[in-house]
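Dropping the structures in below, format is structure tokens.
Both complexes shown next keep chain A, but they swap its partner, so chain B is in the first and chain C is in the second.
This part shows the complex of A and B:
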């Protein structure tokens, strides 16, 4: 493929985009449910597994096989809908979306078309201390497709491949697609709103416990729709749909990139091609996928092998009772419990660390300590390696373990940083890393006392100042002792020992 | 021909019970008959002698130990090739599925096996059940045992001809617009389309999911009731299957055979007669109605004005659903795979195209094109959407008619069997065969076709159809059995006794 020789897209400076255009944003998020079985058959809905082992006549689309709706998937869909403040349909049907593709066993996808299970909802999204209401058009149920693996060729894409293999294990896994209405008037905040929406939606899905919600594993997949319109025109421009956006950070970057790319085309007098585009995490660009036009005709019609889904109001009310606390309400409550200032809370949420801090506190960590680790050490490292903080590979429970070691006096904050280095290098649990790296602080009073005595002897001038009452000078001696102990001493205890001897 | 072959399934059960015969002997006799005459009839696409005899031996063992799996335990059966049979080829009469052996049983097939019916083989049909003559089979037509130059009806001509030629006492068919009832009419046999949802469709390779129904193909009404009770009832694998108990069908058939129809209101549908209806068929129909009156039935004339739109409605809904159902035949996972000529390393899409081009026959292609068109954006409302509305009107016509009558009557098909090839180039003429049977599919109501006699013009069998409200399948058995009993009295024996004797090379 021509990826390497592809000409770079012309881009307009971000501020210049906003001077001339209003962005309109739309997000389609697919959530893979964590039901035990698939959407329409009894096969296990598991991630991975030997190719084509989690299959049966129904999800393989064998002639004669028929679908049966997974009640648990309907339940999850209703709970998601309710959590997004949607109306729940009293009666809705599945439809067939007809198109040919080798990873689709029946060459139609069983989905919902004009009768979604949930519709007309909203979610309040926090962006930079402001609340933005994102309107939800619909949340509907559908089945996932199989997965094609293109072998040979340079790009791993279908073009140029020698042959392709298809794994149908994923075919029929239940998905919920959540579609927003166009978000207009966001201006410069469009990229942040997109990110915050997806991040908060993920929080919600996690709180509902209806999906693993791992973006890196494709449990949560975001498609970003973006268009620009001349500033103040109030119309909607031609949109592109960017797929394959697999992290919160990428959502923000993809929106920003498409805004800049659209503006360059429009500035040059061109028009936007309505198409699907692919996001490339490594290079931070989008490339053209399939041209999407009105010529796409999926010939939707109601699935005749299924009866309508008609959730009783009693059931819907019962499910309403199972909803977790609204994340916004929860945030206010936890801020009070944790004693965070508004600024601390905003930084925590802004860094995408709210849920992580919450889980860390739940694992027994002091709130301020949890905030400190996530927002300093771990946020910095995530930033350095360009991944999302949640995808860093350090779990809240582990952070709580590190803090427990600090509080037990086994290590101090400075040594804790080395423990985080070890964690990111995959050296084991915090305790194992402390042992393997020999980070445990010296608690041997004899060794500590000897080091203090040596520092006093080596620095008679400083020692005299302290004796004369200049306690602030103790810092120099403490520093000397810490250096002698290679940092593995409790600085507070060292200070006590110095003052005991010179006080 | 072995005398037992001419018995009804109910008589075969009695013979098994009193030890006059065994399931192995019965099954072998049918296999011998198939070997003798099927070269001429071509009812079967696949015969499973070994499997059938093994099942028969198991049935005999059960009976010897004092147990039976069902009232039909040990009676062999033929299965239409549109039903998935584990370990037995299932082609749907199409080249595109040549050699495909399903890894699973359709629910009705699993129920046959559980009930102890040895499966003789798979019967011929129009490709994917599209047709009224079995001439659209990719494996050659089936011949009508009454006249080998004539069609046996369709799409289930294979099942009907197998039963009519004594190659099998029982068969399964499927009825989407008349594919059980119309072959029954033109071969002088009995066929039942149960209430939609009354018999599981799981494992039935769908033609049109909202119309298809599996049902019995037999020589007597009682045999159909016995078979219906084996295959019917709720199936959790078919979401459209009704979760209600079956009515007492065998009881209704026995009651009907007593010949008393007093208090039963029979409605004659005025739209299903007139021009284009063969006089001999109409004459046998009228005689049958008169017989019912003599048994105490009250006759009322009912009008179902929207029935005149049934054919057009059907030919929008069926192709729409079929065009989507048949998309799965793409050479990727099973069945035929054709590599396009002149392309070095073809893409998946090119292989799909070449396979579908080579694997589907003309009638299938015709309906895929019709259905694709009817569902297309911009046409959906005018065609598919409109057809659904008319479908609702047809159901309302039935509702109104069943206010006035307990059952409705019409000739099953407008004519007797036509000559092979006669209507092959005229699809519309072919479609008209199903004029009377299609409304029941659109509304989901049950229907039975019973032989009404031979038309005077050609001496070929004609059929009468009895329709009842949804879930009241027992009514069609009661009325069908009453008519059958009265006609048998009049004829002095089964209609099939008047069929020419088929003898093939030994």
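This part shows the complex of A and C:
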């Protein structure tokens, strides 16, 4: 008899997983909308208020309170659906998803069940220069839950907590849940496709301006479904659902980890238990959550307090007219405008920096300079800190400011790196950091000239070579001057001064 | 003909967090079956052209504008809470798992 196993003793090497199994991937992404108010009541939907200051009888589930649907939230849902090439329901209802957990004071979550507002769509995802079509099963409207704080116990997490404290400010904030169909045939690319899908979906949500879309603040939350089937069998294996994976990088890592963990269990003759898993960002592993309930156990039924939503085709067409440019078309257009090569473009998109470069250029930065800063300095620092580049805490406008300082001759590229150090350390604006750290380049011709004269005097051999016409030797003198000036000089101007004296 | 078994009633009771003992299950399961059968008799008179109805009124698209309206103060919100701490509702230790 096969045993059902939750924890694998060891992971199977990734290549070995692919030799024996085909992965199937599914992604559920929750998008918290940026409406002024909640889904079913007029409480503010802003982030970060004092506990229980944004609540009313409706979102607290008090007896007799009646919900009313937020029109703006329905518009956002339809726009998301249209942008994902979905059909928009002509008529659909909300449903009650019944469960007992104190994050929902009503003892049910108002959601949609078998009548989502948007369904049967797709999104083309670019992975390593290839386009993969991800099919969208549905996008439906629901509400967010409250936030629980677990008190006591060693870890602060659920296990070992003595009691819990609940803040309902978030309860009732509009959510759109976007569900893909199983993505099969991805093979070794499954982890990258998962990451690229979530990254591109975020770009789309940002372009639609329907959410703050900050993964680190939970505006965009991904659940990763994964299963393995014997290679070539064409069936779907038993899946696990890893909840709340909150960065692009983690999405990729979670898929990879679950593939390796499933394979270890299956190789050992075990079978996968259908359950939710928790992702641990620090250790890069998943641990067992709860056994997944059957949909039947939620006892879904139509929400009697909300009448059906029946968007007229005129309304849908009007909203279609508000959609931003198709991302693929836009990418092609901007690549031409920016003069990026295919490889530069692919690297930019692959690094999750496309939107950042776009915003940096919009803030007045030259495209190649924007690409350079994001893909070298900032990508490296994000990688070192293990965060997504978008969550580094440096805004596109700030990068444009740094480049403006370079172009004004206030600093050079090398000094700009120190400005980024300062930005990440929270030392203020680029101009403030230049002033505080004394990074401004020496433009005083007298001081520069003195340093050049000193370098010539210190290096008579080199100076003679230049007098003899070996201009390439000037590099050594420029280096000496830059060292003397602690890097705070315009190397081009130093070169001119050297050649003026020795030419 | 709808019928609800004793096991189904026991399962539903678990889901609804209602503690029923054997005697109560023996007593209630047949009653629930009778209720379901009685309600189902409506199906006998509904033709194929009558869709299942979930709402009493033939209304759609009842929306409100996305405008903030004043809610409750934290004191009001917490006034009915058996326990509170740090301006939050204190609830018993959670053994289950978030949805």
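Couple of notes before you dig in:
Heads up, the rule we're going with is that the second predicted complex is superposed on the first by the 490 of 503 C-alpha atoms of A that agree within 3 Å, B and C clash if a C-alpha of one lies under 4 Å from a C-alpha of the other, contacts with A are read in each partner's own complex, and residues count from 1 in each chain.
Note that a residue touches a chain if its C-beta (ideal position, glycine included) is under 8 Å from a C-beta of that chain, and two chains touch if they have at least 3 such contacts.
Fair warning: this is a prediction, and the values are worked out from it, not measured in the lab.
Residue contacts after overlaying the shared chain place A:307 against chain B and chain C alike. Counted by residues of chain A touched, the larger count belongs to C, out of chain B and chain C. Residue contacts after overlaying the shared chain place A:61 against chain B, while chain C stays out of touching range.
In the superposition on chain A, A:397 makes contact with neither chain B nor chain C. Contact with chain B, but none with chain C, is seen for A:96 once the two complexes are overlaid on the shared chain. When the two structures are aligned on the shared chain, A:289 is found in touch with chain C, with no touch to chain B.
Looking at the shared chain after the overlay, A:276 reaches chain C, while chain B stays out of its contact range.
Once the two complexes are overlaid on the shared chain, A:436 sits clear of chain B and of chain C alike. Within chain A, the residues touched by chain B in the first complex and by chain C in the second are 57, 60, 62, 68-69, 98, 100, 102, 105, 164, 166, 297, 299, 304, 306-307. Of all the residues in chain A, the ones that touch chain B in their complex are 57, 60-69, 96, 98, 100, 102, 105-108, 164, 166, 294, 297, 299-301, 304-307. By the touch criterion given at the top, residues 83-84, 90, 92, 97, 100, 102-104, 106, 201-206, 208-210, 236-240, 320-321, 323-324, 327-330, 332-334, 348-349, 352, 372, 375-377, 380, 384 of chain B touch chain A in their complex. Residues of chain C that touch chain A in their complex: 12, 15-17, 54-55, 57, 59-69, 71-74, 77-78, 80, 85-94, 96-99.
Against chain C, the residues of chain A that register as touching in their complex are 35-37, 41-44, 50-57, 59-60, 62, 68-74, 91, 93, 98-105, 109, 145, 148-152, 158, 161-168, 243, 276, 289-290, 297, 299, 302, 304, 306-311.
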